[in-house]
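Only one structure is covered here, and it is reproduced in the block below.
Naming follows writing order (A, B, C and D), and every chain is counted from residue 1.
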Amino acid sequence: MRQRKSSATRSDPSRAVAFSDAIIAIVITLLVLDLRPPEHEPGGLLKALLNEWPTYLAYAASYIYLAVIWLNHKAAFTRIREMDRGLQWANLGILATLALVPWPTAVIAETARTGNLTDERVAVALYALVGALLCLSWLVFFSHLARHPDLTTDEVDDSYFARERPRALIGVVLYLAAGLAGVLIHPLVASVVFLLLPVFYGITSHGFDQRPSLLRGTNDDNFGSDRLPGGG
Amino acid sequence: MRQRKSSATRSDPSRAVAFSDAIIAIVITLLVLDLRPPEHEPGGLLKALLNEWPTYLAYAASYIYLAVIWLNHKAAFTRIREMDRGLQWANLGILATLALVPWPTAVIAETARTGNLTDERVAVALYALVGALLCLSWLVFFSHLARHPDLTTDEVDDSYFARERPRALIGVVLYLAAGLAGVLIHPLVASVVFLLLPVFYGITSHGFDQRPSLLRGTNDDNFGSDRLPGGG
Amino acid sequence: MRQRKSSATRSDPSRAVAFSDAIIAIVITLLVLDLRPPEHEPGGLLKALLNEWPTYLAYAASYIYLAVIWLNHKAAFTRIREMDRGLQWANLGILATLALVPWPTAVIAETARTGNLTDERVAVALYALVGALLCLSWLVFFSHLARHPDLTTDEVDDSYFARERPRALIGVVLYLAAGLAGVLIHPLVASVVFLLLPVFYGITSHGFDQRPSLLRGTNDDNFGSDRLPGGG
Amino acid sequence: MRQRKSSATRSDPSRAVAFSDAIIAIVITLLVLDLRPPEHEPGGLLKALLNEWPTYLAYAASYIYLAVIWLNHKAAFTRIREMDRGLQWANLGILATLALVPWPTAVIAETARTGNLTDERVAVALYALVGALLCLSWLVFFSHLARHPDLTTDEVDDSYFARERPRALIGVVLYLAAGLAGVLIHPLVASVVFLLLPVFYGITSHGFDQRPSLLRGTNDDNFGSDRLPGGG
């Protein structure tokens, strides 16, 4: 392990955590701005509300996705003791890409309402691109931590963040593959994958874990929430 | 009481509290975005402003409702020592449903302006659904805490959160009943119930308390703010 | 001084402070949402931007007003040791009314653009109403603290918050008087008063202070920022 | 060094830091509100999305700019022990001007889409004005700290903030010069300067540093993030 550097360019992560929490909270809450009293003719409110189902699905999907990201962010930062500028920028990169999530989600919801197949292919490709970018930003974040073990708390195994990297890399590949399938086969294929990826990787998050399953068996709240969304 | 689990999937609630505060603060503040300079012809501002009365009432009602929820959230978290993943997701469930509150409120305000009775029935049914969902998310939250007494602070009676459950359950029933009355009898019945429920349950919050009234009599700030809104 | 009550309905103000900070930060930032690229014909951007001057003035006035309120809020809470439910609701009342400030400000800016005198009278009356409500909410807040000296820190003189009350009361009166002058004489009279009130009361904030001026003379940063806006 | 003043008008910076973080987080997140599903005819989504490239560039540029500002703000406040009213207002001045940044950015993006040269000149002039104002607000902030060394932590060299002033002053001059070049030569000149300034000043931030380069050479994360954007 390298010598500890001077504190001039280092700082404890408390302010970065508060800043990240604020940004994620705002992004997750701006989703409800899409829920508005719909335009409708007198007596047609029920039909207009039911027509908005893609928006409700998009709200639920984006909310769960961003909630999983927040839980992963929280889990990662409990293992970080100090931040250097590289880690600050890696974290700002994650925040910049997660703030994009509501946008392709809204585009997919929009095309689901109008129902043009060409547009739906474009929409899932956009979503896949943003999803891959988000996993890429986690890959950069984990790689920086794997190369700078002096930034992590003493309890953390030096290889912990190195082992997180393949999970993020797999996420990049899977999002791009789902987008490609959406364009070449059918947008619905991609949409289903997008909805399942956060849930699936949440549930199977212990698949990459090196600890014996006997020790893990005592944990009955196995949501896998401190694992990377879409990253294994 | 069960043995304390490993801290790997546990965390102290401070970051969840800050995240919840940010989300509730944003939701409660986004309400004012509906207050805009109204469209009007020259000289017609006063009439246009007065016509917006349903928006003002909706602002006041949503604000008080969300304020009561925040106070309840604060009261619950003073009794929580540690969070596991199940409790994290239960809390995220509460945040997801409380963020919905401004939406059916705006729909009711919209139908009050246009005055179509069919639409008004739909609007109160939507509000009742969201209100019932919110109480349901509190029920899940309290149930998780009742089943995991090791998550609460040592000062908290093991049955405290078990006793909170019926209050949440009653909220689910009352919101659904009010919605049904709004559809079958008149939307105004439901609207009045929606406005009174948070206030009423605030005032009567000590009705379910097991402590003798003599001990409670010393409390002269009896707003009941640390009780579940619409839940007894 | 009364006996200290049980902590069951009391809490330390840290979470209320964080919640208030979030709300004030959001309200002060939502002001910039009114600053948008203006509609204009090709080559007419400069004229369109210059035409928006009432929005710029409204942004500056609202920002300074809300900044003064935040500094006062901060100053008051450094003197608060514990909050009961009454104080929580008094604080929530202040937050509910300060969140309204951008709305009448935008209405005044809107009428300044269209230039109908009747509408301008209505706009300043609305602003005066909200300003008076805000001072009223501070009056309730200070009165609660004056009646419950056990909520303040030990260093605070028992009469401190009692002495803050007349300042808030004067604010109520002055805002209503300015509104009346705006309706009966000319809206410009009221607008000028609205712009000057926060500045004026900031500068003259030591006028109600009981300390001899010799001791105060050492303070060269005399912005008066920990005094109530529009309240003396 | 002067004597320490009474704490009556002083406060520790924690609440100002939390308030600033919230405001910067909101401003940086509101940028994504401009990313919406674009208006388009059936089948024309791809073309409509590609047409929005100035918005994507504006998002990236504003995000990086505001991220650099936040890192600088963080770096400055690690050196501040106590705030007086003057410093509070200087900080509120920085927050008021940084909140403006998305506005001229959106105006430039808007004119890039419509392509009228006269409007583009106006847009870059507006951006230059806001950029210069922002550097001016940092100049005021650094000057106040340079004149009040008792507000800084004991580890900070008394001349530290005095040496920050020329960097801020250079920023004022450079933004105004870039704006002038944009009006007199071509808007593209100014746009390129606006995009490069935060990056450039980040990289060269150690140019004004008085420490010998040998000591600085050990720092391999040389993003210059704790330096003023556009200020040297």
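The rule is short, and it goes like this: a contact is a pair of C-beta atoms (placed from the backbone, for glycine too) under 8 Å apart; a residue touches a chain by one contact, two chains touch by 3 or more.
Keep in mind it's a predicted model, so treat the numbers as computed, not measured.
Counting only chains that touch, the fewest steps needed to get from chain B to chain C is 1. Of all residue numbers that take part in the contact between chain A and chain D, under half occur on both sides, making this a different-residue interface. Farthest from chain D in terms of Cα centroid separation is B.
Chain centres here are Cα means. That of chain A falls 39 Å from that of chain C. Separating the CA-averaged centres of chain C and chain D is a span of 28 Å. The residues of chain B that reach two or more other chains are 18, 22, 26, listed in rising order. Within the complex formed with chain C, the chain B residues making contact are 17-18, 21-22, 24-26, 28-29, 31-33, 35-37, 40, 42-46, 49, 63, 67, 70-71, 74, 78, 218-219, 221-226. Within the complex formed with chain A, the chain B residues making contact are 5-6, 8-9, 11, 15, 18-19, 22-23, 26-27, 30, 84-86, 88-89, 92, 95-96, 99-100, 102-103, 106-107, 109-111, 114, 116, 118-119, 122-123, 126.
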